[in-house]
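In what follows, structures are represented as structure tokens.
Same chain, two partners: chain A is paired with chain B first, then with chain C.
Right after this comes the complex of A and B.
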């Protein structure tokens, strides 16, 4: 052990001062807080990071050809919460909240990667707002009177689920359905079939997909309760599940979110009457903020964003606040960019540039990245 | 509502004259110091700024490390309807696009080729604009009832302005009706111009040809 330690010391001394330590631990442990961790490209591709990361970062992933993110305090908290998840405990609900650009979505994506490393099942929704405001086509539900199905979103949810869970697809294939599902007169899934069949059914038949989403969620909860697998439910902009919708009913009024089948299914997933799972939600102000309102400042606390109804529903939860960078964190990112030669101008690579980048962005991670993008 | 009104008034829609009076009385106001290095030094004892008022610093004179004369001028030239913020966003995103394209090429290139690829978008843009500088300009001169397009020599700052204006007009036409975004086409043009290619360079050469053809009118220069 000792000679090895000496060797490491020597190597460390020989490295230039600005050399980075990107941890490439692919095991189930999370890298230390304050270090950069890489998500390998094939994994990022499987987890569909291009779609799920915020747009500037997904562009960055395309340009730099790698996904390197900084492990920060909130992620460590999420990871420690995920560690205690157990079949005897009800589903643990975590709400990520914080000001714009402080890394809520990035933390969510890191958590998904962490779940992947630990071989959990992943239910990842890019934005709950898509279910309420970006509904391309609607269909009335044949299962419950008055519910509105959303075939296109349902199919994409199922496809995404299939793609993101390729690492445990075999395990999912061994889990069996609890009862007969009669989707329509001719289509049915019998009791004792693998639950992956439900997904295939939904993908091939869009008009059944909304019900299939409900069924697969139900089966996942049941199998999690039986300790067959652990489930991470990661919902970005989760407060939109209690927000306003742009779906019109036949009488031209807007349907409340509780009438949308997918919203109901996701709310059901948030409920904590099941065990062995973790529900990670993001409270984002884009649901309530008005882009044309230059004067108003909307609050970003969970109570303000979820509203009373939503707040009562998700309570009790563990709030996890994301915040701006500290100086050490900006330095980590700065050194990474310098090492990758991403900061191209001489002025940005100087000491003066380093300080100015910090203060011009006001330590906000989003603006820091934006400033580094053109320098 | 008030913001809308304010923006409406800002565009000087009603008044068509240039402003004759400044909010700063030239007798009592002087330009501020915007350079940080200079700011740290004490003012000379005979400097008027010791006892006169200072104008507020302009938004494009803030002492940020990426302050660049050419880029600031390009932002001003590309501004439409007084929306400088929008224009700044466009130009800076164009720089970002240039950098991303160059970085991708750089990452793919071999060790030797890497040296020849310029990653700094500011340098690329500056070189592009520099390559577009025209040597002459055409100006209408009326003699005996006919207007002749007479070639005139131009100074460096005007050449720079005309280069930017040519590029801006080409980009505006291309981005009409949402065909492409202004930033995308501006990035493409700047990159092409830095290698002496592209429509702006063509427009420059066209201008040179017309100047050459009209050299007979040169004696009309007053």
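Right after this comes the complex of A and C.
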């Protein structure tokens, strides 16, 4: 009887160490650095996390039925930058940069969630590369000579905007347009109409969508300046806005990115001639790195990735570097996976297994997740 | 009688003409026959060596011309390099590869007898048929006597070092093998004779006071570490040093895998950091590479304890190439480079953590991988591949 009692005592003493502190507060405060924080499923659904998170994490979200991420130092920096955003300050530009798999996109998504909690308007682009390299159909712009419209991407951007901003849709409905917009001979939006009408117009008429994106961005900037709302512009792979395109013009040459309407609109959003907003960009290596080169290690600093032109455009900005896990951070994730039975094998749940996972992944978050998914 | 015959034959040797022993009795004639053969062989050997030396000299001149070098520049090192270039060989055993060396170095030696002025063979042990081994036995006997005498005279006295009155310290070494002794004395002898020599040596070494003959004894002993070192194929486990600045232990070794040479330095009491040509562990994108690099630490259960610094280079870049050919710019890839580093790391970990030697050896991490890319053949697209055959 006695040893059994002892054992229970020991277990009881050990349990709190194993217990997880997943913060579930949905208020405007950010959870502490080093803790796990959950994004509730309905919110994740509204913010379209399934599309916006990196593929392995979005799969894991389906499997585990929840989105739990670790709050790390870069996210705290982003949150503190977002806190100072003010009507009097020009749009604050932040660039997330770091090695592959160190959590740039995840931090971006956390920032979007943070903006949601603070009731900001969200302009979130999954990847700027889609605007330059994944263009299915093109149309020549009737608004500016030589510009190339991209109806399918424009519609998806508008739909995504509508879905992600349902929490402030009413407020957006109260904001009015500044001037008359004449989309075509028959379609127009008059001055003094709610700006949500522009979005509805774009979604229903794809051939107008590209211009609608520009108009809604313009209205958002204006209203942010007037302190009606705060805007977070979150662009993943933002350096692709100055990269290479796969869009061909009539003479079979590749169009430069500055000829693409959507790219121009997003670049306009990055400019800091407006106030009360925050532009969060990710500098990612996939724009310049060779996918077939398995061995080479190219540089991932903002100057190399944005190029001279892009770098001059986004300057001045606050660089925020993401880095590999520390041992404490891997432990937090490890305990979460063990608790969730995501790490199922006996070897992985042992002390030696914990160490091996840590070192074999080289403390890289992406590799760590991949290893844990197979153990 | 015998002396006369020998004297005559030695004179005959100097004049290089066969000895005549027509007017001698049968036993003398027998010895004369033996000498006659000896003289004949001696002359043949001298003639052969002369011929080979001349051939070597001619060959050297030709080679110098082929390599467009001056004859004076072509020393033995240059010859070796030229042969390696002209006759590339994929054979693993170095003895099987083509060589060009002076005939005196590589041809079997002819054993000559020495004679004094009177024509007598020098040394009375000539007639024992194996003079050197008997000489050694006699030496051991003399030294045994002198050691015993030395001990008897000095035991209890303070005139000599106390350490001189003890048996010789032979720890960590063993007697040379029969084959090595044969080579050392350049003489053949029977197993029994070798046994007697060893018994005599053991007796001498066991005597108190044999420490004064330590130097003589060590001439016929070889270190035991050579035998333990030969257990590993490839470079041996390196020595442990202590860094003067950081006061941390480290070991360093150079090894290779395929065409990649790696110099690996492992430092104890680290954080598990890697620095391979400036790359860290997370720069190796493939799990295979990271697994290979960490294998020694996983086997020795020392993850996060050692820091690894390595520099790698391409071996074929350093080999002699044809003058008009640009040097190859290859280096190890996804697995060869990590494997080269892994071998070095495993050896260093074995040095720093001796209890891990056995598990490391059993998992094969201490063994060099000697395999190499097979060279492609002339008139073929690859090492084994052939052009498609086409009917003309």
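FYI, the second predicted complex is superposed on the first by the 356 of 375 C-alpha atoms of A that agree within 3 Å, B and C clash if a C-alpha of one lies under 4 Å from a C-alpha of the other, contacts with A are read in each partner's own complex, and residues count from 1 in each chain.
We adopt the following convention: contacts are C-beta pairs under 8 Å (C-beta built on N, C-alpha and C of every residue); 3 or more make two chains touch, one makes a residue touch a chain.
Worth saying up front: this structure is predicted, and the values here are computed from it rather than measured.
K.L.:
Based on the superposed arrangement around chain A, label chain B with chain C as either clash or fit.
P.N.:
clash
K.L.:
With both complexes superposed on chain A, which partner does A:46 reach: first (chain B), second (chain C), both or neither?
P.N.:
Neither chain B nor chain C is touched by A:46.
K.L.:
For A:356, is the partner it touches chain B (first), chain C (second), both, or none of the two (neither)?
P.N.:
both
K.L.:
Just chain B (first), just chain C (second), both, or neither: which does A:294 touch?
P.N.:
both
K.L.:
Return first, second, both or neither, reflecting whether A:345 touches chain B, chain C, both chains, or no partner chain.
P.N.:
In the superposition, A:345 touches chain B alone.
K.L.:
Who does A:99 touch here: chain B (first), chain C (second), both, or neither?
P.N.:
second
K.L.:
In the superposed arrangement, does A:373 touch chain B (first), chain C (second), both or neither?
P.N.:
First partner only.
K.L.:
Does any part of chain A touch chain B in one structure and chain C in the other, and if so which residues?
P.N.:
Common interface on chain A, chain B vs chain C: 294, 352, 356, 360.
K.L.:
For the complex, give me every residue of chain A touching chain B.
P.N.:
Of all residues in chain A, those touching chain B are 59, 63-65, 294, 341-342, 344-348, 350, 352-353, 356-357, 360, 373-375.
K.L.:
Which chain A residues qualify as touching chain C in the complex?
P.N.:
Going through chain A, the ones touching chain C are 99-100, 294-295, 297, 324, 352, 355-356, 358-364, 367, 370-371.
K.L.:
Can you check the complex and tell me which residues of chain B touch chain A?
P.N.:
Interface residues on the chain B side: 3, 64-66, 92-93, 95-96, 99-100, 102-104, 106-107, 119-123.
K.L.:
Help me check something: in the complex, which residues belonging to chain C touch chain A?
P.N.:
So the residues of chain C in touch with chain A come to 272, 279-287, 290-291, 294, 297-298, 301, 303-304, 333-334.
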